[in-house]
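The letters A, B, C, D, E and F name the chains in turn, as written, and every chain counts its residues from 1.
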């Protein structure tokens, strides 16, 4: 059984979808559509009646909702998508405590998140983006340990997790997750050509080509039969 | 409803203009026209009778005004454009306090700015450039937190903000703002070819091509139908 | 006498297999197949009735087992493959002690591993991956010394060892081990082309070409007669 | 009214010359002719009967004078060009005090320079080069602040300033000054091709091409009608 | 009189061999053949009845001997080749003392080595590799000073020394030694092409071309008449 | 009047030679011939009956003399070339005191050198190489200040100085000296092509091309009429 990403063409590239209970990474530059993709993943779960958790560490929740309206999704119509603002402008206790003591509260963040998981019993979770978690780590070894232990929380509770990352190229998280979906862009004669590819996917065959995609008023459209260079 | 940038061709590239109440970034190298673009954005608001705030962290206000005269704009004729000099040569209390205690006063800068916003109730604000804010931050995590909290001030007061940045390539701010307008240049056989492009724009479709522009005695002219490589 | 890697085409590239009692490195990017290759190496030994040790420092053991099922191997059917979880999510004492005191416990890790070697008398051992060992070292000189002393443990107990590494390019480990097997990839017009090559192999002639490989439902297939660029 | 640079072809590239009362930067590699260009700028002012100040932070004054003789200029024949040696080999109090306490005396340098400006009331000033000012700064933020405050001294006293810099590529100073004149060089089949270009110029149109130049026994000759690549 | 390297084609490239009493460097990537070349240099001296010293700082002595058997040399048959294990796995006092106090014992290493030189009066010496000596140095200036003083020991005792280095490109040692022999490799369409060249040789003319070489069952064969690119 | 470099073709490239009383830099990679060129410069002065000083900071004096014999020069036949060994293996007080207290003795080095200059009244001086002076400096600002003050000693005593440097590319010294002579090399299809060029020369016209050179049994031969790329 696979967990659909909520994006048809991407499911095809993934040979059906993601493997439930594992952690995946969505990487991409500014404006590539990481938040939209991860919200569509939650919407797909919500439509099946499952509880979902979205944690923002950056963009305010209101703006995420506005932007989702532009791709045809009214987040407020899903009462099983639970959104938490852990950004510095967030008003939830959750966020405040994280940002109040930057150096100490990654454990606090994990504890708060685990408490929410135990309360809501979600099948899907998104953390968008993980950048600040790495920046707040004292060393790469500490960061890797904390991420592995966070993924273990997801694993123990059988949640499929999608994390977004602002990094390009190969980075430590790529090795720790079960799969990496990557937005790429090429500048050809002054025009940006955008594509999506699967960079890594444990436990399944997958489409290794870069496929074109478009963000439309109805979501993300991945052209899984087209080649970006043709 | 969109907020016009005051530059016709650029509004077309933006599919009408900027989304009110959000924060945007204008990036570009030395002499590309960041200050002129951001002042034109304020002039557009001022013409509609709205209050506007311009904060310089670098170029003296007199020189900004002189340079604007060269593009056909007499800033002094707008009494609803409020200019504040937060540069080290500034004489306003505002600026002096910021530079007197470099390490301590980013919170002070934000507090002073918020006080001005509450007093003047502007619809548009420019901070030109943000470079020194990053340089004065102790770490990227602190810088990101401070910027997100600054953007939140703009959001709460429903101000559309334009920040300028001297950085090229992808940088942390790009992920935090709602959109990025970027000046680019190519050197072709010893001549600089200049262009402008939208690098990111949340919540709207936009023109992804690089378009040529010119700074003339009447402002900035963006040739939104022309291609820089033709 | 050579030790077969459990991958037919790779044995041919190696002129028969690995030299017993020495330490080798498998390098590659995320998702290249390092864990699968190193597990197949152990399975080969297990089929010959030898004891084998697998130590994970990253991926949970359950996921390794799931992924191996996808390449047609049921690890649980081999009772002479002993798997130890030294990752932060590991429940064995072994792992906990290592991660409890990151700075102090590389000696502890080595001692625990040597105790297991003395108890189980394995002929083959895998440490997957070694990344965290380097990250936890205070300096390159300390790291090199610790690795050389770890390899000496393998040598004294006549174990053939395969270590995996997430690094690309030339790195310190390459000089310390007896051989380096490297996964490489090229991006050609938006498609990843994957290959495997022997980068170094002391004490034997070997095939110096890059050969294509595929991860299939029956393991890893190396096409030792084909050329990746033809 | 523009201030002529004293180099005919360069004035043409600048659309008449520099804007009085502002600060400009001349950048270039070793031996490109930064000192000669900046001295010619002062000679032009001196010929008009204006007082000029030259501050060297590197090359001894005697050698500057010798080198100027090779381009046909006898500096000693101008009694309104006031030369100050702030280099470590300088004998003037001015220089000694600067180098005696490297960490403390950038303010002292500015104070001494302002005293000279008040005494001599120059229209033109050259600081050649500014490299040591940046090296002696504790951070980029301190350096930017000190430079902005130095430029403000020039501005208050209505002096047109030319600073030389040994840096290539875009650097912080480029953003702070009103204009950047840059020597460039290309190596084509073992021969250096040298050119000059305007990289930035606020408040005026200018020639954006790279033009060839030559240092001759009569000064600097810029071929403002020729193209370096033809 | 020249000292033969023990590799015929290489002697031809060197115009007869090395100049006795000087120190040389052999550089190369993992698996290029640095240890084999340096041992062949000692074997050549041993065959002439001279005493030789080999010091390993990395590969265990047993493995060096095994690998030499693969190129047709039985090191144990030469009782005038004295091998010392200064690696962390070494059992000689010599090695233990070096690694026991990493920061203090480079002087101790030099003293121990000089004592051995005085006892054995060798004509040839190999230190393989010198990497750890640089890593254990507190600064480049300390490293250069220590290396120069080590070379002086060799000089005073009229020993011809060959050091191996894992560095590629130009590095500090290159300037300090009398000559540099370098293994190079090129990747051409997925195949490694290997060659050897003389990078520097004081006091003699030499062949400046890159020549192909092969490690065979009879040693190293340098094709001093062939060109790697033909 | 120019000071001949002692290398005919190079004098032609320099339009007659070096300007007396100034400081010049010779840059080049390992084995390019920096020491030979600087010694030939002294030999040229010695033949004219002038006193010369050579200070080595790296290669032992005996080896310099041996290497000069290979290019046809017997240094010992010139009793007006005074050689000082300031390397760590040097036996003169001069050298020992420098290396005994690395951090304190750059002033001591300058004082000792100035004493020798006052005693011997040389017209020419060589410091070969200056690398260790930079490495022993605490910062670039300190290094620049010390070098400028060293050059001032030469200037005051009217000595023409040639310093050698192991750096390639543009480095701080290039800006401080009156001229830069640079050895360059290109690798073309596995063969090193060597050339020499004038990178900077204040106060004179000069040949800007790269010219081929050869180190022969009679010195250095610069082919000032030939082009390296033809």
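Going forward, a contact is a pair of C-beta atoms (placed from the backbone, for glycine too) under 8 Å apart; a residue touches a chain by one contact, two chains touch by 3 or more.
The chain list, named the UniProt way, goes like this: A, B, C, D, E, F = Putative circadian clock protein, KaiC.
Every value quoted in this text rests on a predicted model; they were computed, and no experiment measured them.
Undergrad: For subunit A and subunit C, which third chains touch each of them?
TA: Both-contact set = empty.
Undergrad: Return the chains shared as contacts by subunit B and subunit E, ordered by label.
TA: Touches both subunit B and subunit E: nothing.
Undergrad: Given a C-alpha superposition of subunit E onto subunit F, how large is the rotation in degrees, taken in steps of 5?
TA: 60
Undergrad: When subunit C touches subunit E, do the two copies use mostly the same residue numbers, with over half shared, or different ones?
TA: Shared-number fraction below one half, so different.
Undergrad: Nearest whole angstrom, what separates the Cα centre of subunit A from the Cα centre of subunit E?
TA: Here the centre of subunit E sits 53 Å away from the centre of subunit A.
Undergrad: How many angstrom lie between the CA centroids of subunit A and subunit B, rounded to a whole number?
TA: So the centre of subunit A lies 30 Å away from the centre of subunit B.
Undergrad: For subunit C and subunit D, let me know how many angstrom lie between their CA-based centres, rounded off.
TA: That gives a centre separation of 61 Å.
Undergrad: Using the touch rule from the top, order the ring's chains starting at subunit A and going via subunit B.
TA: Here the ring, read from subunit A toward subunit B, comes out as A, B, D, F, E, C.
Undergrad: In the complex formed with subunit B, which residues of subunit D make contact?
TA: 22, 139-142, 144-145, 148-149, 151-152, 155, 170, 174-176, 178-180, 195, 197, 199-204, 208-210, 227-229
Undergrad: Show me the residue ranges of subunit B that touch subunit D in the complex, using the header's touch definition.
TA: Residue positions touching the partner: 29-31, 58, 60, 63, 66-67, 70, 87-89, 99, 102, 129, 131-132, 135-136, 166, 168, 189-192.
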